[in-house]
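Submitted below is the structure of interest, expressed as structure tokens.
Labels run A, B, C and D following the written order; every chain starts at residue 1.
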Amino acid sequence: MTLAVGIAIGSVYALVGMGYSLVYRTTGVVNFTVGSYVVLGGLGTWWLLDQAHFPYGLAVIGGIILAGAIAGAFWTLIVIPLWRRRSPAYVVLLSTVIGGAIIAPLTELLITPQAEELPPWVSGFTLHISGSDISGQYVFVIAAGLAVLAGVSLFLRQTMLGKQLRACGASRETSRLLGIHPELAGGIIMVITGLIGGLAGALITPAQSSEASMGLTFGIFGFAAAALGGLDSVAGAFLGGILLGTGQAFIDRYYTPNYDEVIVFALLVAILVLRPNGLFGRAEHAG
Amino acid sequence: MSRAWRARDGLVVAAAAVAVVMTELSGSSYWIYSLCLVGIYAVVAIGFNIALGLAGQVSFAQVAFMAVGGYATALLTTKAHADPWLALLAGTALGAALSFVLNLPFLRLSGHYLGMATLALALGVQSFAENASSITGGALGVFGVPSLTLGSFSLAVHSRFYVVVWTACALCLTVYYLTAKSHLGRAWRAIAARPDVSASLGINVSRARILALVLAGTMAALSGGLWALLLNYVAPDYFGLAMIGNIFFMVIAGGMGSLAGPLVGAAFVVLVPQEMSSLGQWQGVVLLAMLLGVLVLWPTGLLGDPRAAGSITALLPARLRAMPTRTGKAGS
Amino acid sequence: MNAATMSERAAPAPAPPVLLAAEAVGVSYGRVRALESLSFGIHGGGTVLVLGLNGAGKSTLMRALAGVVPLRSGRVTLAGRDISTMPAHRRVRHGISLVPEGRGVLPGLSVRENLELGWHAAARSRRGGLDEAVGRMLALFPTLGGRLRQDCQTLSGGQMQMLAIARALLSRPAVLLLDEPSLGLAPIVTADVYEALAGLGGEGVATVIVEQKAVPMRVIPDTVLVLGNGRVVHESHGVRPSEEELARLYLHEGERT
Amino acid sequence: MTTGSPLLTAEHVTKAFGGVMAVHDVSLTIDAMAIHGLIGPNGAGKSTLISLLSGFARPDSGEICFDGRDVTQLGPARLARLGMARTFQAATPLAGMTVLENIQVALTIKYRSGLFSVLARTPAMRREAKALAAQARELLAVFGLLADADRPARDLPFGKLRYLEIARAVATEPKLLMLDEPAAGLNQVEVDQLAALISWVRADGVAVLLVDHDVSFLFSICDRITVLNFGKVVVSGSAAEVRGSELLREAYLGPAIPQHPDPPVAESRRPESRHLEAQ
């Protein structure tokens, strides 16, 4: 039971971790707002379903698109101007941290201050593992996580746009010589990350309620997953998320429920200091 | 910084001193309390101005040392019944020691990795304070922190505590001024600009960086301790992401590497939200939005060196931006 | 041949229209003036060789023509159109393709993926079929043949150089800019590279080549510029720079200009 | 002119970056008070060698001795304190600092007073600060930069920027001064002034390792010259020996160019190129 919940939560961290890795690999920006897209996806879907009375399927799609749109807006209004002013990297990192911090109160004011839940995608679908029933929704979360990983890997490998985004990550100057506009490429990858975050939100909210302030938790744990797996490897970030989720679930269950966050942060500091490129990332010099 | 900048800097400090004295004399409890808070915020900002403004160390972790100072002072007085003065000094010393030990491993990191590691440290300390309820009182925090006394003369009255706060602030400003003017300050600025050139001139880069970070950590712990004594209470959510944003805002908006910048930044961060209380819940959003605006539109801040950042014309699309350079004025 | 053409023959034939022209181009990095009022023109299928020691401004000129570096003064025109402020990512569509110093192959992408990106950068109208275009490049650079699937970092210096040129050619450039293609290559490999470049003139592709050493060019360059400290210190047309001339300019056995 | 006793010796130094042999089995000796030239074409490994000698990179194999001590594993700061100073290829004024402050940074290692004496403003600290400030101004005067003392270093014209960098290196009172392409971007008048400056530094008892492209400048001033190409020492010896050697010519101009037969008229399809040849 713990394992299943752990992997499910891990899948959400994995999707967020993948968002960090995608944006970092393509633009070199560590983007803290990814966690907020999960909340936007979840609560956006809730609002469309509950307030605007959209059919469930349409509401999910609406929630995902909302998250993608906010991601695109953040890129255009904040990151591009900072790029053009050639701001130092820590200013861009700070702007994403503040961006993440600003979306939470905005969601509370504009969508809903309380925690909300969504009905499971397939009602009544529960699983019976080791003596306890768990919502089938967790299965969807895990399945979707793997599907998105496969989809993103395929997109990066097979499509021309995917190759251009990888080229941008490899060298911004050379990619400009190949007709790729870095600001546009960054915008595209940001929107894709927003959509992935939104999907993660729409998936997890039926299983466990979502609340505006959780955006930062997802942001931080997703960042831990990406750092654990290695920022420059998308699959590594995904794996890091699964490890984190299961690890946290086990600590919660068998050790102390309230120290899991502290342990994750201590683990994160250790990883960044000892092996800044994570377990799976390329070990170039971090200094 | 050129002579004109230093003159303006000195002028603002003098003006601030006059304002502080006038408020004390005015006796208005609202303003005295507000300026107590401004002084406490300024102390941590002055420390961070040494680390970021002079030595170029991008550390998100100052708030962690603020929490260390605050909780140490609170717990020593409530649990160990220590004298508040000793508790404050002990908290500050603990902050200094921890900022040495915890920053050492970070010296090898730079850029994103330094930012991420220090951010993880800060949020880890806050999470510990929130969850280790047996030690830190958990989310509710620590109540009943006594006020300072001078013999039998209680300093609970804000107008008296005011003097302690602003004396501490003046002390920190003096430390900033003396070190910035000295060869230590020059070494910091050289390392911030070119660590490789500084090393080739024989400067021990790591030792200079850790000195700046310890000074910043000490002042952050002092600020946390004073805050606990002012509110007679300390809680984990004071030391979260919002405070991280405030600390950066005070140093960047005030003007990195300037003497009076942190004072102006602190006044802004404390007084402006109070005036916006009519906005209610929108208050937090507006303040964070202002910080984003400063980062994009005015990165060198009020008193900073304007040539430090690219020119604002860079924000225009390429076609417009090219116009001025054609007429001979060099683009950014 | 009547008298008119005879006399005409004596006079230089009417020069073909200038394709790419740099007019008093000046570039500076902050305080440092890297390039000062340099002018030259090149017609379709022509060849310009730019020589000079390190720090003479050669790479700066190429980056300015490719739009990677902003101009401080002067103009760059392509087929009569002013492209001075056109950003780098749009210039490649209009037919200017730069093979950067150090080749600029993209780590983490395969040889074929590098080529595909070059092909995709060409203007849609001139692109043609991908496989057909890649086939043409493999004929020109047979050494890339068996290695399409390999990560481009596993190639040798010479092979990387060939890949970078092939990638640039796939963008169907009107003007191919090459920044020190011989850097770090053994002499025989340099000779192979220049062998492949020899045929370009015939296909109407103009080439601007920047080098430090005298290189085994088979085609006689229309213009040779020798740069020193960001200024042209020697210019010659239609003649291959002799070693003695270069030795004099580089080693300054004679007086300094 | 040299005292003959070696100040710096590098033996069989090798350094590879990612499989590419940047510096391969290089041995080099610089005598005290000598001016030693290091030349070679672009990409010959000159900058790598200077960063190895100045401690910014560690050699994969080989040994470096300075002033009689094995310094192979020492970092740049320790080496600077032992008397080795260097400049950098691109002009590197310290941003946000004035010309005087740039020189004072070089005197930082001479200060004895630590944090407490700075805060307590002890008399010893004040005396030291005043004396070293005067020393900095003196040095500016020698380099003709005194008038620009309070100007931001970034605003100096290019030539003065070069002198500031050399003045800053000399301020640490080194035994060996390494100059990385000091003549790059200087006009003829400035190059002559630079030559005079280097001779003055050597007369003051400082050995100089001069890395540059301006070959005639090096020949006019160096006692010994080492030529690098493809990371290996091609020829090394007194200025006169090296100047005439065929190896120097080949390093710079590439191997004797295989003479291509001029393209037969028929093959060259462009009439005007044929026409140009006739001129």
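What we mean here is this: a contact is a pair of C-beta atoms (placed from the backbone, for glycine too) under 8 Å apart; a residue touches a chain by one contact, two chains touch by 3 or more.
Just so you know, these numbers come straight off a predicted model, no measurement behind them.
The highest number of C-beta contact pairs joins the chains A-B. Using the average of C-alpha coordinates as each chain's centre, C ends up farthest from subunit B. Subunit C and subunit D have centres, each the mean of its CA atoms, that are 32 Å apart.
Centroid to centroid, with C-alpha atoms defining each point, subunit A and subunit D lie 49 Å apart.
Subunit D has its Cα centroid 42 Å from the Cα centroid of subunit B. Across the assembly, subunit D contributes residues 154 that each touch 2 or more other chains. Interface residues of subunit D facing subunit B in the complex, by the touch rule stated above, are 54, 56, 75-77, 80-81, 85-86, 88, 92, 94-98, 101, 104-109, 111, 115, 118-119, 121, 125, 129, 132, 150, 152, 154, 168-169, 172. Those residues of subunit C that touch subunit D in the shared complex are 12-13, 15-16, 30-33, 45, 53-55, 180, 182-184, 187, 190-191, 201-202, 212-216, 218-220, 222, 229-230, 237-239, 243, 246-247, 250-253, 256.
Residue ranges on subunit C touching subunit A, taken from their complex, read 66, 68, 87-90, 92-93, 97-98, 100, 104, 106-109, 113, 116-118, 120-121, 167, 171.
Across the interface of their complex, subunit C is touched by residues 20, 41-43, 90-91, 154-158, 161, 181, 184-188, 213-216, 230, 249, 252-255, 257-258, 260, 262-263, 269-273, 275-277, 279 of subunit D. Subunit B makes touch with subunit A in their complex at residues 58, 60, 105-106, 108-117, 119-121, 123-124, 127-128, 131-133, 241-242, 244-245, 248, 281-282, 284-285, 288-289, 291-292, 295-296, 299, 309-310, 312, 314-315, 332.
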